[in-house]
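Labels A, B and C are assigned to the chains in the order they are written; within every chain, residues are numbered from 1.
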């Protein structure tokens, strides 16, 4: 009887939330899956079912493959910078935990993560500017001739990676600082007694113990890396009269196919690919953790 | 997917001034210097941006670039404020972020509590569904959601923006973990025996105990909406309905040449973000680290 | 949960709430007061905003209470909002749109039909040449009114020409390559400081293909040609296309008179970073604003130019009377001349008297006083025009950066074939590829 009353209360309280979720999450996700099997040009009344034709076309579509490639490079590139730098800086901050400055360091590294992206990207755009930017001015001090950061196909991708990493590092530092703080101190002391130096203890004790944190930060960084859009939009957008190389990324290609090429179904199939990647990454994270838990 | 209660919860993350200080050592000094340099590096792009905002058009085009304006002017700011509805855009963003925060806090507190304390198998299935939506990136179902907004005739409005940011799967998860760890069943049962009804228990007992977690969630939700880009970009097509991120981005593609004004506009946006972050820093850091602790 | 923070957490959330609520109230208040007599104009050219304001001023006599809200943003974002706005019945009252972008909306009958008097105003040859009224119509139905057109000419820096001993503008495409090599300036290390000819090698996808086509047209070629049956045939991988791409490669990798990373386009020209480039007439207005002291002249192109007509349409039935009145006013002879003089875009109105403006700004001559046999082409009026050009441009961008194509005829042919195939695939999918 009591259980039944509680169940009724729970359902009554949950129902509105369930309705909202169904409305703004379940249904649109289902629509994406459904539309990926259809052809629709945004303005016509009919939406013929075309099976997997969109997906077939995707894998012969060079713009999509470029976007997929760029996005993957950006995601893993960001990861490659974020993890070591984040872990290193967090270790140093952790070492100086007693200092008055620790809080300042932590907060400062975090600011890039919270500032709105567009103004931040604007700042980076100027830094990378081939003719006016301080980066080339700085490099010229070492006799390096100016590089065209935002125009070169390889360099422009690197620029996006730097911007993404700049934002992601603060988050990684924060999580790692918590991780370091939660490491059992006696393990370090034991290592020290065995004659290990601070650096050795860091490498052989802390890094392995932090594996779950590293895994978590990696997956979060990768997933947000695969969703990169605003960074590329501002840094390398195709504004009229403002030449610069467009770094084609998945979300950009998706929006362009939907709202510029009027191929909503085709864009939905791109979204499904993106979804598959994200699910795969999450799956990898869980299975690695489970494996570790089983041991 | 269990959350390990960590010491982050009990120890202040940002070092307290009262923390014991280590004795002075050369190593500490070196580490401080390294960290300080790193922090300056992280802030440098933003400082450049602010500096550019005060430069004359001639100085902006000067080579090598100057770091501090020789002859600071404010005309960039006055020009931006008179020619663009920048304040309106900031207002739109603030309103959107506030409403989104209210919705997310409301749905997450109710949902999290129900899922934590009403253990029915049917509810658990719903919880898993909710959680699954937290993994799916917004960009994937953004386009179908757009058509829903269109059918409701709420494009170009705050309500259209809000549609995408009413719930947060992760928020429900966060609150559920919190309730499980901090609110003992005995407390609720005692209240039930005293004759309190379920609603009263939630409002009078559970909510006050959740204040800390909800504050952290609120700040997370606020900044998530405040920095949203792709969704406002497609929902708002009229000048009055832009959020600050979108307004700035379109401003830059429309007037590429005027770097001084762009920087001024960006600075105006940066300031409230950083100030708000400074005020809410503690809650924010708590919220962010909570996201990292699901293992 | 920790105990020690209890006192400050609620403060945090309260601050957020107060902050938001204050702003919220202020905003809700302001957004309620939407004016009843207001029309919105959407433009993809920020420099056109003063023109629309000027037209609105002139409408005051007829509609004293009317306010006109002009929203001019970058072209790509403008096209996107038009797509979103029209498909959701949320479009502005007056929409400025190039024929190539408007075709799909006219096909689907998604733009408002003008009242009979406006339709006959547009179709009257005394007002607009048939070419331009057709550009604002589909299957005989008038949808909008012709406003201005993009048409290209050469801009060259006369000081730099003088310094290089050049007295005449280039006449043939061969001249262009030679001139570019002579005009390029380098620093002591051999780095290019002033490009001889800014060719548009990067940037907006569609723009690259467009500029490539303009140059190819000087050789008598086109990227794609419509067949008598209405379908389209790819003519990119042809001798004309070959000559054109070979010229790009020669300039960029052979003579290095232009480079991918060199500042380009009007910005570079205004700052003295390039000696010449091909662009539409709006640059004249832009130079007047941003570099009034620049010494430059214009010249017609060797063979002919692109014409891309831009029209005004009505996107919503809310205020159609005011919207059509606005469009008629914008295309009146006085306003059309004002537009040329103050913005620099070429009017599409027929029988305008340019003598006054030419006296003041002789550079317009290369746009309005044309050789007798000057030829024109236009971008295909097909639904997927943007996608088609973007695909071709994606390939061309890579080719421009490919130094191995220098003096490599087989490589150039293969590159063109590959770009052509990509374009053909888009046409084929739309069912308009001539086999």
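Basically, a contact is a pair of C-beta atoms (placed from the backbone, for glycine too) under 8 Å apart; a residue touches a chain by one contact, two chains touch by 3 or more.
All of these numbers come straight from a predicted model, not from anything done at the bench.
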Comparing centres built from CA atoms, which chain ends up most distant from chain A? C
Find the most central chain, measuring centrality by the gap between its CA centroid and the centroid of all protein CA atoms shown. A
What is the distance in Å between the mean C-alpha positions of chain A and chain B? 16
From the C-alpha centre of chain A to that of chain C, how far is it in Å? 35
When centres are defined as mean Cα positions, the distance from chain B to chain C in whole Å is 38
Listed in rising order, chain A residues that touch 2 or more other chains are 131, 237, 239-242, 255, 259
Give me the residues of chain C that touch two or more other chains. 74, 76, 80, 84, 87, 267
Can you tell me which residues of chain B touch two or more of the remaining chains? 11, 61, 234, 253-254, 256
Footprint of chain B on chain A - complex, ascending: 5-7, 9-10, 13-14, 17-18, 20-21, 23-29, 31-32, 35, 89, 92-93, 95-112, 114-120, 122-124, 126-127, 131-134, 137, 140, 166, 169-171, 174-175, 177-178, 181-182, 212-213, 216-217, 220, 223, 226-227, 229-230, 233-234, 237, 239-242, 251, 254-255, 258-259, 264, 267-268, 271-272, 274-275, 278-279, 282, 286, 289
Would you tell me which residues of chain C are touching chain B in their complex? 1-2, 4-6, 8-10, 12-13, 15-17, 19-21, 23-24, 26-28, 30-31, 40, 46, 69, 71-74, 76-77, 80-81, 84-85, 87-88, 90, 92, 267, 271, 290
Note which residues of chain A are touching chain C in the complex, please. 41-44, 62-63, 66, 130-131, 145-148, 151-153, 237-246, 255-256, 259-262
Within their complex, state which residues of chain C touch chain A. 74-76, 79-80, 83-84, 86-87, 104-105, 108, 110, 189, 191, 200-205, 207, 259-261, 263-267, 383-384, 386-387, 390-391, 394, 397-398, 401, 422
What does chain B use to touch chain C in their complex? 9-12, 61, 88, 91-92, 94-95, 97-99, 101, 146, 150, 155-156, 158, 178, 181-182, 209, 211-216, 218-219, 222, 234, 237-240, 250, 253-257, 276, 279-280, 282-283
